[in-house]
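Encoded as structure tokens, here's the structure I'll be asking about.
Here the chain labels run A, B, C and D in written order, and each chain numbers its own residues starting at 1.
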Amino acid sequence: MEIIAIILLILLVGSMLTFLIDSFSSKLTGITAFLFSLAASVVFFTQIPSGYQFKFQLAGLDLQWGLTDYSYYFAYIIFGMSVLALLYSIKYMEGKGRLGYFYGSFLLTILGMFGVVISQDFVSLFIFWEIMTWASFLLVIYNAYYKVKTKGVKYMIFSAIGAYAMLTAIVFIRVHYDTLLISEAIAKGAFNFEQYIYIPIFLLLGFSIKAAVMPFHVWAPSAYSKSPMSFTTIFSGAMSKMGVFGIGLVFTSIYLGTNPENFYWVRTILGWLGGITAVMGTIYALIQTDAKKLLAYSSVAQLGYIVVGLSTGTKLGIMAALYLTVIHAVFKGALFMVAGAVEKQAGTTDMTKISGLIRRMPWTFLVALVSIIALAGMPPVGGFVGKWLLYEALITESNNYILVVVVFFSSTAAFLYSYRFLYGLFLGQEEKDTKDVKEAPITMLIPMLILMIIAIVSGAVPGLIFEPAAKAMEAIGFQDVTWQMSSLTNLWGDTTNLGLISMLIGAVFVIVFVFITLKGYKNTKDVGTKDISTSGEIPKEWENLSFQQDFFQPFQRAAAPLYSMNMNKIWKNLGENLEAFFGFFRKLYTGNGQTYALYVVIFLVVLLLFKDVIFS
Amino acid sequence: MDNNKNIEQVSKIKTIGIPTQEEIKQAQIDFSPRCTSAGRVNDKETQKMVEYIMNFARKHSLFVLAYGTGCGAIEIPATMTSRYDAERFGMRGAATPRQADVLLITGYLSTKTLKRVIRVYEQMQDPKYVIAFGSCTINGGMYFDSYNTINALDRYLPVDVYIAGCMPRPESVINGIVKLQGLIQNGNAGGGKCYKDNLDWYRENQQKVIKNWDFPDDYNW
Amino acid sequence: MSKLKKENKILDKLKNVFDITGEIKYKKRVSIKADKKNVSSILLFLKNQKGYIHLNHISCVDWIEENKFELIYIVWNPNNKLTVLVHTRIDRENPVMENIDTIWDQANTYEREFREMYGIEFPGLVGRKEFILEDWDNIPPMRRDFDSQKYALENFATRPGREDAQDVREAIQKRSGEELPDFAKKYSRD
Amino acid sequence: MEGILFKIFGAFITALLAFTVGMLFGGLRRKVIARAQNRVGPPVYQNFLDLLKLQSKTTNIAHGFMGHMAPVWIIIAAMTTLMFIPVLQGDLWFENLTMKGDLIFLLYMMVFGNLGMALGAGQSGNPNSVLGVSRGLSQLVGFEIPYFLAITALMLQFQTTTIAEFLNIQAETGVWIVLQNPFAFIAAVLASLGMFMYAPFNIVGAPAELASGPRAEFGGKYLGTMMTGGAVFAFIKLVLMVDLFLGGAGNNNLEGIAGTAVGLLELLLKTFLFYMIPVFVAIVSPRYRTEQAIRFFWKWPTFFGILAIVWALYKNGTFN
């Protein structure tokens, strides 16, 4: 039996088994799911080399599975994140109902994602894509109360639109190019924007809905924030990257030319969509009061950067997109895990209700701090590398100078919600309600700490990620991708030495930390958050001095025009108008036999009158 | 030094009319605040070089937290701005007790305000000084018989310098500041140290006035 | 008399409707005395029917000799610029007065002050019991039987060396040996 | 080995210079403001006395670990940024790591300290601090946009991203960039008004409104260390502007110590003159509300920034 089929089988059997085990012992479900995913990834990483292929026939169709360097890169993310997320789930999901349903769907989602990256023909791509979508839909509605159901339906509708678009494109490819293999389609120029322009457009539509690109991003914030956090790490970290995977695939035809002027308009449109997504995601993230929702909007914004990177079509730009893909999975995965841990331990992630958890959950805070530094793109941590690549790509290699300002605006505004997240959950007044909150269990901490260490290391030695990313870029048509282990060089030859920066920061940190700690050590006292200078007033135990509502009101006021654009409203209006429009057709069916008889008569009359025109 | 004695004394004074000089002297000795000589940080003779330099810096860099009670608050802008320019002595406004060195109390203190002033004083960081301003802080001034205003501030906080007057003009304020600078340089402005040493005595007095005592149990320093 | 036409009109109207006595103090100022139980209906009548929509002030006087508190509600009509003062007297023992903060919101502030400073109860009054004073444990301080100086002497440490509560003119006279001028004697304390 | 020791020594000298000049300029600012108000004002060395006093406080209060770390972040950001900025052109002592980092890195590193301090201010739990942070971050989004536009324009015009390269270009052509791209200079100057956070953009730490904002809970050694970081940062901002637009300093033909001395004098003169722009603006300005400040930055400075980019593209021949 083919090794790749074994992996799929492991995941499928695992999915069924966990579902069955749940009826015996719900404690074992999580561990079973974790072990199955671990087994699948071990088999994958040890047994499958890059360039592996497997062809077979099914129902008269030539199907082909395999792994290029490009898909291998995404498989890293899928398996890495899945294993960590399932380890995290064991404790996180403890005590909740319907675990078999949860873990079964979870493993099925992993199967779907893995299937998408290994598919080398359109049929299996579509099938796996649908498996992924449906399994994830089941997880989105896991917390099934009324509102979640409607949000889930929103996700489903957009996914369905994407799937139809993809299906249409696939059918047209079959019709026009007589092939179902992706590589053949690329070779025949199916993704070219010259000949049959609707094919790549439809495919892009399908993929960008998954990547939550403006204006199809409206499903994402609610779906991300309403599903269980341990799943959202995958949902935002890995599954949204399937859209990125697809967009990269479609753009291969552009990259193959390696001429920066290739289809400039397509890239410009997509780049601007990405930029606007980033801005909208950011400005909506910073007005949220729920930490989960904040992270969800932030995910949308970060995917915007990735799309911008893809749209540049230059080496640095694609490198930026691929690097951001990984680093976003890492830090956003960690942050969603942090949010989950807080939810589990403190009961809620509503920032207006809790604050001051830093003394209760120090390790979780550490993870949150490092991940937020990465999210904000601050130097010693990995996020900076992605931001640097993106800016340099836009400034030195792309001709889109206004877009770089849009991206910069978005990433500067990202400082605002980064701070909001840390302050809202961990800093601020220690409140009475959160006095007896405990640190998260160790199995939840381990995955978070692993992700944190990856984020730190990738800041000093980004070459670890550049290496597979460079291979992946070579797989989709770039030649001579250069990279260095721990420094960054742009097109003009200017170098930023990250290793040196990390060392310098480390050295200064140690010196100043020792100085400030030891100077007057005996005379330094750590006091609680109630001992603050509030004009001599002594805050009562029950008084809440946290500042949580309308946190960035000045910014909101200054940027009021931006907030008046609400995509949700536009979609809602569209839906209502469509409903009215189709309501007109429904009126034709009156339920009265005489009306139907009239329709038949009218039909016959029309037929008779225009028979020469119709049957000519 | 308990309070009843004072009441008796004062009542006596009232009944017999003008007291003799001896009586006043005796009463003043009995009433003397805790922190005039007891609060010496270090003597001028035994001062070391480092302390001399530090005291020099302290003296020339007074961050003032003006607790604007009463009518004296209006004198502070005049003192700080162009006409009198207290900034040339290194004075500077501090907005919070954490950054401040000098607590400037600019007038009468109701019991309600006193509680906040004490809290603010305790939040300041050593070395810290108190300048009390106007006759209200010295002996109650025109509010001597008010049911809600304390009469002598040095029973509740260690006052380093009193500035007399109702209200003292900016010249007097500057005079007081210069006086405080001299005390700091000589190592005599040890109000914070004195407060720490005699905390029980101060607490007792404070709790007599502030009925509903809800301070945190431990004074930080 | 024709000059005070408006004043007479409102006074007559009030006299017709309610059981009150009243007088015109001077131009644009009408003062009436009413029973405790009538006050709210008078105020409502003035506000709703006669356009006295503004409550200027409520003030309280302690008539300790008569064992009464006097409450004075001052209302104003912005159209004809007339002011009406409604006087009422209530018992000093267990003083209770009708709460009128449903008629004017700002009455709440005055009433809370009276509750604290005079000990007058207003049933249904919203707001914290503690208004200006903190931790007050004596009789309400604005009552005339409260001795402020005694309280201060008992509670606050007083610096010796000052003579309190003397008549300034007498002291000057004593010190300098001069005779007080006639106009000063007129205002002498006794 | 000797080279490394020499470098470390040079780094210390640079840090010392930055600290001294920053503190001195702070004192000068107070003096200038005082003279403008017809006062005598504090002595020029007043800031050193303040620092000494703050460090000699005998008690200190920290609010939790992040509060303890707040000054550390600032010093890290200040020192790291300083090491990557050429203080004197071509001088071995002040070279440090100039060629190892670029402008985008500096742009991020300069925000690092403030964000770190904001975390410390957050843990203190004082609502005033956090209100100040909220305003400060909002204002940051305001002035970073024109600043970034100006820097982008320079990068596009001269096809480089390192400051040392900008200095070389100015030395070779003999024309300061302020003349080569005046719009970028205007945008950067207007943005730097916000960066210095003097009036009219000083609502972040407004003492009367917010009890000095983010710094409300810091005193003693913490405030002192923050002051040091702030002084170094003031120097960094000035040197960055001088390097980018005013031709830098140290570009003379003199040998040895004399060259360094002349270069330092030139640097002091240029930085001082540039520093007087925000100071003079501060003297005559009231205070903007946060949203007014943001709108200001998004209006004229951004307009000049975009103009600068157009100018840069015109100059480097993209339109041909």
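Quick note on the criterion: contacts are C-beta pairs under 8 Å (C-beta built on N, C-alpha and C of every residue); 3 or more make two chains touch, one makes a residue touch a chain.
Computed from a prediction, not measured in an experiment: that's the story for all the values here.
The innermost chain, defined by the distance from its C-alpha mean to the mean of all protein C-alpha atoms, is D. The chain pair with more C-beta contacts between its two chains, of A-B and B-C, is B-C. Subunit A and subunit B, compared by their mean Cα positions, are separated by 62 Å.
Taking each chain's centre as the average of its CA atoms, subunit B and subunit C sit 38 Å apart.
As a whole-number value, the distance joining the C-alpha centres of subunit A and subunit D reads 37 Å.
Averaged C-alpha coordinates put the centre of subunit C at 62 Å from the centre of subunit D. Looking at subunit A, residues 525, 527, 530-531, 533, 535 sit in touch with two or more other chains. Chain contacts: subunit D has residues 57-61, 211, 216-217, 220 touching two or more partner chains. The residues of subunit B that reach two or more other chains are 96, 98, 115, 123, 220-221, listed in rising order.
Applying the touch criterion to all chain pairs gives A-B, A-D, B-C, B-D.
If you check the complex, the residues on subunit B that touch subunit C are 3, 6-7, 9-11, 13-14, 17-19, 24, 27-28, 30-31, 111-112, 115, 138-140, 144-152, 155, 205, 208-212.
Listing the residues of subunit B that touch subunit A in their complex gives 96-98, 115-120, 123, 214-216, 220-221. Note for the complex: subunit B touches subunit D at residues 53-54, 56-58, 60-61, 63, 81-82, 85, 87-88, 90, 92-96, 98-101, 123, 125-127, 220-221. By the touch criterion given at the top, residues 55, 57-66, 68-69, 71-72, 75-76, 79-80, 83, 97, 99-102, 104-105, 108-109, 111-112, 115, 118-119, 122-127, 130-131, 133-135, 137-142, 144-145, 148-149, 152, 155-156, 159-162, 165, 211, 216-217, 220-222, 225, 289-291, 294-295, 298, 306, 309, 313, 318 of subunit D touch subunit A in their complex. The touching residues of subunit A, when paired with subunit B in their complex, are 525, 527, 530-531, 533, 535-538.
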